[in-house]
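This is the structure I want to talk about, given as structure tokens.
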Amino acid sequence: MNFSSDNAEGWAPEILEALTAANNGPMASYGDDPLTEEVGKRFNEIFEKEVAVFLVPTGTAANCLAFATLCPPYGAIYAHEAAHVQLDECGAPEFFTGGAKMLPLGGEDGKIAPDTLAQALGFSMEGFVHHSPPHIISLTQATENGTVYAPSEVRALADIAKTRNLAVHMDGARFANALVHLGCSPAEATWKAGVDVMSFGATKNGCMAAEAVVFFDPDQAGAFAYLRKRSGHLFSKHRLLAAQMLAYLKDDLWLKLATHANGQAKALGQGLEALEGTRLWYPVQANEVFVSFPGDVAGQLFAKGAAFHPWIVPGDPAQGQMCRLVTSFRTERQEVDQFIALARELCG
Amino acid sequence: MNFSSDNAEGWAPEILEALTAANNGPMASYGDDPLTEEVGKRFNEIFEKEVAVFLVPTGTAANCLAFATLCPPYGAIYAHEAAHVQLDECGAPEFFTGGAKMLPLGGEDGKIAPDTLAQALGFSMEGFVHHSPPHIISLTQATENGTVYAPSEVRALADIAKTRNLAVHMDGARFANALVHLGCSPAEATWKAGVDVMSFGATKNGCMAAEAVVFFDPDQAGAFAYLRKRSGHLFSKHRLLAAQMLAYLKDDLWLKLATHANGQAKALGQGLEALEGTRLWYPVQANEVFVSFPGDVAGQLFAKGAAFHPWIVPGDPAQGQMCRLVTSFRTERQEVDQFIALARELCG
Amino acid sequence: MNFSSDNAEGWAPEILEALTAANNGPMASYGDDPLTEEVGKRFNEIFEKEVAVFLVPTGTAANCLAFATLCPPYGAIYAHEAAHVQLDECGAPEFFTGGAKMLPLGGEDGKIAPDTLAQALGFSMEGFVHHSPPHIISLTQATENGTVYAPSEVRALADIAKTRNLAVHMDGARFANALVHLGCSPAEATWKAGVDVMSFGATKNGCMAAEAVVFFDPDQAGAFAYLRKRSGHLFSKHRLLAAQMLAYLKDDLWLKLATHANGQAKALGQGLEALEGTRLWYPVQANEVFVSFPGDVAGQLFAKGAAFHPWIVPGDPAQGQMCRLVTSFRTERQEVDQFIALARELCG
Amino acid sequence: MNFSSDNAEGWAPEILEALTAANNGPMASYGDDPLTEEVGKRFNEIFEKEVAVFLVPTGTAANCLAFATLCPPYGAIYAHEAAHVQLDECGAPEFFTGGAKMLPLGGEDGKIAPDTLAQALGFSMEGFVHHSPPHIISLTQATENGTVYAPSEVRALADIAKTRNLAVHMDGARFANALVHLGCSPAEATWKAGVDVMSFGATKNGCMAAEAVVFFDPDQAGAFAYLRKRSGHLFSKHRLLAAQMLAYLKDDLWLKLATHANGQAKALGQGLEALEGTRLWYPVQANEVFVSFPGDVAGQLFAKGAAFHPWIVPGDPAQGQMCRLVTSFRTERQEVDQFIALARELCG
């Protein structure tokens, strides 16, 4: 019964198999290999347009290298106050960009509302050297609250962003989970809704360590290659990243894994919501469930070996009792059922 | 009738006289001169303890060099969301610190409330590498709303800050104005209330360009000298800064100038508050008045040659009509009276 | 006949097996797992003292995170002008440190001579804020020229470095190859010779992507953990790094692989040196051979399918004809013999 | 007899008078004032073309803000190994640029030779992400050795620089002294010879603290205004800088002051060269004399109250005895004669 994080699991067998297959003799290093070239083609297919794609090992690197490519050191970046880039990367955006200003925005269910962005932009005077000029808005998909932006919601934010020439960034650490919920195409969820650049996450959903940064307009990729090298994220044995990503994308593995994880979360959420005294805080749309238990039930669940985290959301102090449960590509239905049964017993 | 800013005026005659007197032959450069040594002694007297003091030309340099000395690149700094360091320095704190995270806090009247700080600190987990560890809280004195922290208010914040070993920084760009309002000693307003380092402003209050960074524990000054040099703020003809500061501090000039400015602001505030349809938004405690006028009175005042700025405060969108009027060391009573008379006429 | 780089090969079978074995259920993420704990113990054994060890995926990250931990943004770092950190990391040291100054030093055979370091230090005035104060000297082991510092050479440099309190860093991207050549213990080659921190490379010598930063005084590790997180180099599925490193260290695999590579290089060097018109530029002490061929032999070797790089060394323009050949943990003796035979034929 | 530095003097009377005249009532702050506008016009006249000009208080700020405008964080900047930007700014170029790489070049008489630049550029591979791509070459005029680049020498370097699209920067901290020596127009010494941006120094030559950054193509000024603000170098009472600069440029004051300083240096150099056992190390072309005295004459000169610095030049250890003597806009002929007489007596 481990619901602590989708990072707590290892990797899907297909990924290991691909790494075995890729260990087949000399190959040019630093990304000049045929597997990496193949990755580029696959992303063009998946997004139905020519994109520029770069592989890096972690989500923090993916997000922040995209920021550094599109935001000058004196610029500003908007993100939800609970976004990973604002809260959980130890200032990585400020580091990679050379000191850009992160401007946190509030918003229900982990989402930024169009009015909130419009008001924030209205406050920032154009060409006024005392204000950090805004360059990027970053959206997390799925959000930190396990909710998902509809393409229309992304579009509404992008339309406002474009009035001030902001780039729209999507932190897709859990993009597969979001996409499965939406049921639309990758293109519809991203560039067709106004996204300029995304972090296409694979690590949480079954890879070892592999993320792609996708620029939907290849001309915007600018200095990315230099910035990646200079931050130590250009792998010498680059096939390691490429082989993972190819296996992840092959035969819709990524969607299958996310479908599985989302299904477990849904079952978990429904099961827990039905119990006496529990509360679900956000709609379960991806692979995360935010729930509070009555009394000391959470503590007893820990004591009986269940793994999950108590959770606080900035700007929302009321949720003192909230817990976060995450399902993964490997979560078994039996674990879910066992946890619900145990909780039911304790909730009495 | 120029109430646009205390930066809009030139300099007090005593400052010019001091620069004439200081132009008296060769002197060691880069601060190894006798005038700079004398500045150190004067600050020891004024603050009734041995301090480490450094001169720089601008308030942004003063604030941000203090930050860079006391906060590592991966650390976090709390400040009011309307603070100059957060809002009006184009990301200078992020630049000087090498990418520290600025965490804005809300608060009425431009002040941070103890509970707000406590809650923010509570959210930041100690030793958790995903969170930027907090290192500094910065207080603006007088605040951006023209209000003044009482020493007891500073102490309450400092006590909370010390539970997590935060340094307490005071942005004293308008410290003289605040001190005149408080009527206490410089020591009582600062280190006796828990302040570790301050920007001691002089430019706005009659100097040309001179600010002092004061470390109340000289051992905390650390790498300041290197950081100042490396940011281009170590003046070769350093006597230029020292002579200004000595003249500013001589015979209580600084307090006399601030007393004058505060008096004009008080008269201005009282006069405007008495008019039909106006509203003062914050208590007038220093040299700034925040007022809204009925109808299109503000526009008519502009049209008749009065200079002041419309003002928006982040997080407080209700004040669409608010205007900021600033008095200076040189504002004449006649200007104040003239402005009030004109406003009275227009408010009908 | 691929001698282009030790990065051009994949990974040793033991590494893949370890990753299969490690894929065994949930484990705490971000390094709080039992495999990572085991890595720490292994390094203590290998170096015969308690060390602080951190895993990262690339050598650039390893080197530059060590720099950022031990050198402030205003400090200076000495390195050989041909060192990877100076030449081949696109300014990564400057990036990670927040702008430290890299001061390149010349030196024969890729090594820094004690006199050169002493003279450079003599030029830098202590406590003089106009000069970037030196904080680190970085030694590459094996060097970029395929040579190896003897422990006595390291000691001579360290003794000079310590007169000014510099930390001694060893870039051990090819440490295993150097150690095999030296035939001494890991401790003798490092901390017993005065090294404070090292990058312990594993990627080039058979891993996929895994390097360890080892602080020989754990108290010096300081902010490393924050800096690693903030640069995107803290792996969520950290077992990926730990499992590789454990397999690499198990049963002396690392030394066996390096012994193999060095042996091939030695054979290659001896074979080529014996040919008509060739020249070996540096002693072959690790897994690299720097050779020039007569006439257009190099071009003909390329044309016949041999892979290697022409090579220029900064400050040494005479070597217009020099080529670099690198052997790896996987280079087969047959390839070496075939290459020599081909070269012999062409050199006629 | 103070020859320690041109920074050791105060300021010319015309500068003080201008600051008195400028203290005449309210003026828009932060550079939106009529004096600053007038500065722009004056520079257009002086350089015979439309330029973009920005005022800052120090030479370090001027140089490094120009660098940060024209070089990305991952770029490289060439400068002479003895240049102020490389040696005497405590890493300011690395700080302002966000970590660009400084690549020092050797060269006689403080000058970079065209071949040296060509060879360095030849070593840097275009589009190779492992190398920091070169963006700027910085020339110091007059050099740190008191010599002056002829326009043809600047042109030869600029022609090479342009083959790789480098910007040519001139550090003109002593530009007036150089120009007086050259006897050509400001335009001929700069943009007509291929200079893109310059630091136009005024502080050393009679101002208090005022330098101009001049972009000869206004379109290249890019983000300068943001970078200046963010580094704390945008003065609120900007008229302070503008008034100094206008007075400095009025009626050729700048050239008169430099003519005076150069004349004293020439006399000093000629007088000292004629003595028994002295040696002049570089041609005296501006306001600096580099001389060695026999035996312990230098020490005796110190003991008798003469002020000057012993001097070491990196890469030139032979000059153990070298001393630097600097004349200024205020050096009196009597001081020069007195010093020569004293030295003559001591040299016997």
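Just so it is clear, A, B, C and D label the chains in written order, and each chain counts residues from 1 on its own.
Convention: a contact is a pair of C-beta atoms (placed from the backbone, for glycine too) under 8 Å apart; a residue touches a chain by one contact, two chains touch by 3 or more.
Computed from a predicted model, the values in this text were never measured in an experiment.
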{"item": "Contacts common to chain A and chain B (chain labels)", "value": "C, D"}
{"item": "Between C-D and B-C, the pair joined by more C-beta contacts", "value": "C-D"}
{"item": "Maximum centroid distance from chain A, chain identifier (CA atoms)", "value": "D"}
{"item": "For chain A paired with chain C, centre-to-centre distance based on mean C-alpha positions, whole Å", "value": "34"}
{"item": "Computed distance of Cα centres, chain C from chain B, in Å", "value": "51"}
{"item": "Distance between chain centroids, defined by C-alpha means - chain C, chain D (Å)", "value": "41"}
{"item": "Residue list for chain A, restricted to those that touch at least two other chains", "value": "30, 73-74, 89-91, 95, 98-99, 129-130, 226, 229-230, 234"}
{"item": "Chain C-facing residues of chain B, complex", "value": "30, 72-74, 98-99, 129-130, 133, 223, 225-230, 234"}
{"item": "Chain B to chain A touching residues, read off their complex", "value": "73-76, 87-91, 94-95, 97-102, 104, 119, 123, 129-132, 312, 314, 317"}
{"item": "Parts of chain A lying in touch with chain C, wherever the complex brings them together", "value": "2, 4-5, 7-11, 13, 16, 19-20, 22-30, 56-62, 64-65, 89-92, 95-96, 203-204, 208-209, 226, 229-237, 239-240, 307"}
